[in-house]
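There's a structure below that I have some questions on.
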Amino acid sequence: MTIEAANEAGLRGRRLRLGMVGGGRGAVSGAVHRIAARLDDQYELVAGALSADPERARASAADIGIAPERAYADFRTMAGAEAKRVDGIDVVAIVTPNHLHHPAARAFLDARIHVICDKPISRTVEEAEDLVQAVQASGKVFVLTHNYPGYPMMRQAREMVASGELGTLRLVQVEYPQEWLTTPLERSGQKQAEWRTDPARSGAGGCLGDIGTHAFNLAEFATGLRVERLAAELTTFVPGRQLDDNVQMMLRFAGGARGSLWSSQVAPGNENGLQLRVYGEKAAFVWRQDHPDYLHYTQFGKPPALITRGGPAAGQAAAHATRIPAGHPEGYLEGFAQIYADAASLIRAHDAKRPPGPAAALLPTAGDGLRAMRFIAAAVESSRRDSAWVTLPL
Amino acid sequence: MTIEAANEAGLRGRRLRLGMVGGGRGAVSGAVHRIAARLDDQYELVAGALSADPERARASAADIGIAPERAYADFRTMAGAEAKRVDGIDVVAIVTPNHLHHPAARAFLDARIHVICDKPISRTVEEAEDLVQAVQASGKVFVLTHNYPGYPMMRQAREMVASGELGTLRLVQVEYPQEWLTTPLERSGQKQAEWRTDPARSGAGGCLGDIGTHAFNLAEFATGLRVERLAAELTTFVPGRQLDDNVQMMLRFAGGARGSLWSSQVAPGNENGLQLRVYGEKAAFVWRQDHPDYLHYTQFGKPPALITRGGPAAGQAAAHATRIPAGHPEGYLEGFAQIYADAASLIRAHDAKRPPGPAAALLPTAGDGLRAMRFIAAAVESSRRDSAWVTLPL
Amino acid sequence: MTIEAANEAGLRGRRLRLGMVGGGRGAVSGAVHRIAARLDDQYELVAGALSADPERARASAADIGIAPERAYADFRTMAGAEAKRVDGIDVVAIVTPNHLHHPAARAFLDARIHVICDKPISRTVEEAEDLVQAVQASGKVFVLTHNYPGYPMMRQAREMVASGELGTLRLVQVEYPQEWLTTPLERSGQKQAEWRTDPARSGAGGCLGDIGTHAFNLAEFATGLRVERLAAELTTFVPGRQLDDNVQMMLRFAGGARGSLWSSQVAPGNENGLQLRVYGEKAAFVWRQDHPDYLHYTQFGKPPALITRGGPAAGQAAAHATRIPAGHPEGYLEGFAQIYADAASLIRAHDAKRPPGPAAALLPTAGDGLRAMRFIAAAVESSRRDSAWVTLPL
Amino acid sequence: MTIEAANEAGLRGRRLRLGMVGGGRGAVSGAVHRIAARLDDQYELVAGALSADPERARASAADIGIAPERAYADFRTMAGAEAKRVDGIDVVAIVTPNHLHHPAARAFLDARIHVICDKPISRTVEEAEDLVQAVQASGKVFVLTHNYPGYPMMRQAREMVASGELGTLRLVQVEYPQEWLTTPLERSGQKQAEWRTDPARSGAGGCLGDIGTHAFNLAEFATGLRVERLAAELTTFVPGRQLDDNVQMMLRFAGGARGSLWSSQVAPGNENGLQLRVYGEKAAFVWRQDHPDYLHYTQFGKPPALITRGGPAAGQAAAHATRIPAGHPEGYLEGFAQIYADAASLIRAHDAKRPPGPAAALLPTAGDGLRAMRFIAAAVESSRRDSAWVTLPL
């Protein structure tokens, strides 16, 4: 059964009421989250604090059909007002620049509203720790939109690893090269480049925080392993840039696996070259996000095989995250939508005091967000200490 | 500006009210159309005649949030009732098996409701001619969901051809191999296989009508050329099958270009191997639907180049059909959604008596549907006449 | 055991003495044949009539270490003189333009010298028939250097088909597009382009004879099937060109399989895009000459697999034609050399009146050359008769 | 002009007389060297000490046509005897296991015979230093068969970097994964696996020495950069194995570039996954040895382009190392042969006291061999010191 069929097969009473913080006119991430929320028809967007600029916030809300009285000028007002409404939002999506993730999430958790939050969870480990505690204290659902765990073939891979098909894992090679910051784009007025290279808004990691964390998160998700120690070198190649634009790292995983992580934003020819390669005693897989429906799988001693989403070797975990038959490519938006779809199931189960389905366990949590912040801190420390091995709390 | 930004940027007053015929529980195409309609937030689904089985129709409607009073037991009742409502549907999506396309479309056109209709438009040339006339008589919008013209890189290709970058075109090689009917699946109870191999429900073409028409439509769309004559050989490889499961064809285009078309449903290893290769005097391109964000482009005498959706060589036509930045793959649902998004723009313009935007000209029409039926008829005739060249009206 | 090990493992007494006709300074094909002959160390080149220009013939011979007294000014003199020497050549390689293949081969067969001859065997069916008879009359070995049957993965494919792994074959799609004649290169003084587009030197087929025959030969070799009828369209796109530069063809094979053949020399982006795709009831394979060590193989209902030369699924036929371990690419010269190596084995067996090894049966013969000439004639006739189906003698 | 044409165009008086040490029956590397030496017809193999086992040495020599009186039982006898012959060998190829490289090379250099030696040059830095001195003292040619610098596209890349097309280099990502030692193959009696995992015969590096040195050598060759410091982690995954089977490394290059190196012999799915990716301020390239005729090249801000051997963007350096036209793949043997061809040119120039051609500067030297040994020593030291950065003498 495809997810859409599942979603539509009487599993819900009504669409969840969704609010949004950030994502006003011109913000790409807001549009992505809205499409993701719509795709499986689990949400209706009814409120927003879409911009720190009140006029822009109002106009942006009007653009997308939010009623004027639920177009707020700031997220704190929104949290308070929505908490009081009988038809208040069930859940808020936070899609601001990084530095607002923590305060906005706190505001909604304190108002006892579920939170879907863009990654990274915060700018610092301390903020992340605070949020983990706030989530626990609130008893509400908190989902972090690390989107790559939403891809069917990453769930397929995780399932295969967990089943023992690959044997004990030995090696995890993950990389995420991009090219877009090859030149000092942040000095051209490009907004994305500005805030992503600004420590005040992005935190201690540049490339490290922006995409290195994706690579880290995906490697742990797909393998079920945990990085125990890392030795890193952060580099800033573009003169004048304040944060790293290239990250090299060696990894030691708990249990003995080894690996490396490379992320870069100065690598021409790479739009989004996220690639994960995992090698076990018995088999190995390779996945590339630019062709996400394919999992290249090799059992040692047999010919390499191509497992496709929906094809003969794909299992239940992939099928759960699939909307259309094999051979018709799914992509980024569908993977993102899967996070929203599974979040909806989790929220519904939570609110109905039902146990959640198995996919809930695959959703990135505040704990994953904290883990990513610790990863950033460890990499920064290692790099400052001439690439010494630094331990990451498990 | 991405399509989502455009869609949300104050270009609409309200979502269009959408009805659906067909697409009840278990029907893949219904789910696809609904996702496509939702993706860019231009429609709300408010009515349906989702199944010929009244109980199933009602249950399916409940699944997807259609109010009970607008869950109809048959499409004629629906057309009549919706035409009378003040808040009646603006447009209906017809997603039934082929044999119902014509009567359903007639019913809604007659009720003066816009129509979005799955391909093929009908089972016969005569039905298609009737619909073309009905569309003209009604003055309503009729959009056929040939989805491949919705892909950004096919619009990019069409734009490049039209601009003369390839020079005079010489060769058009198009193919659409699949594997799913390699065995007599229709005898296993699989519904899709049953009706697609049944002349009563599918018409005169099997593989020819199901996917050969996609190949034909895409070849003409991307090149702007028209097939003038064809010499075909239809084959049925699986014993007992009533319709062709493999199609070979040589093509002569008006103006002198040559080409060939191959479609098959008995080709193991091909989930959906749609591929279009076009060669001109100066340059050539190759596109494969399984990696739809890539257009392989070679100017004669220069190295082959990879034009990506959102990348440095992509133009306005591609950008119009794009939601997310380069490097994050889009796929089938996004291409399908583009047809819906452009159809919404066309309907809005039509209803406001405004001239439509340029993308309206890219939407498949009833005329394209008629053309595809003539293509089927010509291929069947050629094959019957031992592959003689048969002329296709331009 | 690799071929080199086999060759060197006491299977020979001495290198075969090789003569060459054609292949003087600047002739690419001469160099290719010489490398192919040297690669497995089965031949020593001792005589030649390398050019029709006596001075060039002498200088070319000196370049490559042929003794002056065995550097002949014409092939008839050479045949006569070598036949008389005690240490005369065992075998001659004919690498001239097409129109000289027949007279040169006749001369050496008449002198009772084995012949290795470049394809096509002649310019006309009649010449080819004459050579077939001459070979039979002479009792000598005649090998045609269709090189693609020399590739390990084509032998692997042939073996798999023969073993029944693919089930009854249904479809054979073969194509050989090139780009080099996109412009009227023959008017620029380029020698290759000149003679290949000249009917007097090339025969009735342009693109058809040059590379269409390769596609035809390979399709029959790898499948073991025979083309029974064909319907063709030959086109000349470049104004003023005397021979076809594009070939489209539908194929009917004896036994019921269908297929198509496309070859072109006006397809930008294709250096040598030879590709063979074969689909059976149970499985299918795809092979591309630009990555010749890979055979893409799909059993219906299983994930596509990659069979590599030397990898776990490669069998004896591939191993016989392999020199180096898996993962180190072999290419064109190695495939060509395989024809020479197997020809040496055949010649040695012939001269020793021993039965030849199994690979001898894989070598292209004069009969294959005649078949290719009939293929050319049939295609020309079909195209002249508006693509009527023309029967090819089996 | 292709290399073959060049070689044959009167540039030589006679073939160089070649001897071989190692490479008896069953030794793959001996066969590879012999093919490489034959391919461009610059050498004739006339003497050998092919095995440490006298009987095997004699039989192996007979296999390949070496006269009995020049089939030696040990390399010292061979060096002495050949040095005394009027027709003694010009050059010896040393293709033994690693531990014999140094003593054999010394013996022939001392006998004033040119040496072509398999890599690595020795087992230890000290032996390598000794050989560098011995080469200088002897005044003879010493060529190390690091074969990857023989590939046309690696020469193309080096030329492009040197010309400044990529701008200042920032990143060098090189990797060489294999799968063949995933299991304890060395305990199965497989000879290759035995000596390559034995410190006594291989030296201090397992995977590091066998293929890590190839990656290191190629990275420096193609970029012209020098590794200044490295931080390494060597791992042995297969229980009981004495040497590393996986290598992770971070690299700092003189001048500020960064990079990483990964080599592994326990990575299923990789036959020989050597890949080099180089990113500069203005452009980048990617090369994979499994498709060696392709260089993927992206200028920042332009679409990725495919530079092919012989294609429109390939330059002089590639053309020098090319035998056949574009589109016909060359591979491992041709790259290897290029080292032999350029070595022949260098030896001829040396013996004629002529200045060598420009390609001589591209040949790997004893200095490169010493550098590789220092690389091994540095990596071993770094790994022992918990991946501390270790300086490599420039």
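Every chain is named by a letter (A, B, C and D) in the order it is written, and numbering of its residues begins at 1.
Everything below uses one rule, namely that contacts are C-beta pairs under 8 Å (C-beta built on N, C-alpha and C of every residue); 3 or more make two chains touch, one makes a residue touch a chain.
Fair warning: this is a prediction, and the values are worked out from it, not measured in the lab.
Enquirer: Of the other chains, whose C-alpha centre is the longest way from the centre of subunit C?
Expert: A
Enquirer: Can you tell me the C-alpha superposition angle of subunit A onto subunit B, nearest 5°?
Expert: A turn of 180 degrees brings the C-alpha atoms of subunit A onto subunit B.
Enquirer: Please decide if copies subunit B and subunit C contact each other with the same set of residue positions, more than half shared, or with different positions, and reply same or different.
Expert: same
Enquirer: For the pairs B-D and C-D, output the one whose chains share more C-beta pairs in contact.
Expert: Result: the pair with more contacts is C-D.
Enquirer: Round to the nearest whole Å and give the separation of the Cα centres of subunit C and subunit D.
Expert: 34
Enquirer: Where the CA atoms of subunit B average out and where those of subunit C average out, how many Å apart are those spots?
Expert: Here subunit B and subunit C have centroids separated by 44 Å.
Enquirer: Suppose each chain is reduced to the average of its Cα coordinates; what separation in Å results between subunit B and subunit D?
Expert: Taking the average C-alpha coordinate of subunit B and of subunit D, the gap between them is 55 Å.
Enquirer: Provide the list of subunit D residues touching at least two other chains, using ranges where the numbers run on.
Expert: 297, 304, 308, 311
Enquirer: If you look only at subunit B, which of its residues touch subunit C in the complex?
Expert: Against subunit C, the touching part of subunit B is residues 170-171, 173, 179, 182-183, 231, 233, 235, 237, 246, 248, 250, 252, 258-260, 262, 264, 266-269, 277, 279-284, 286, 296-300, 304, 386-387, 389.
Enquirer: Quick one: in the complex, what on subunit B touches subunit A?
Expert: The contact residues of subunit B facing subunit A are 2, 4-5, 8-10, 14-15, 25-26, 28, 31-32, 34-35, 38-41, 62-65, 178, 270-273, 289-293, 308, 310-311, 323-334.
Enquirer: Within the complex, which stretch of subunit B touches subunit D?
Expert: 297, 301-308, 311-313
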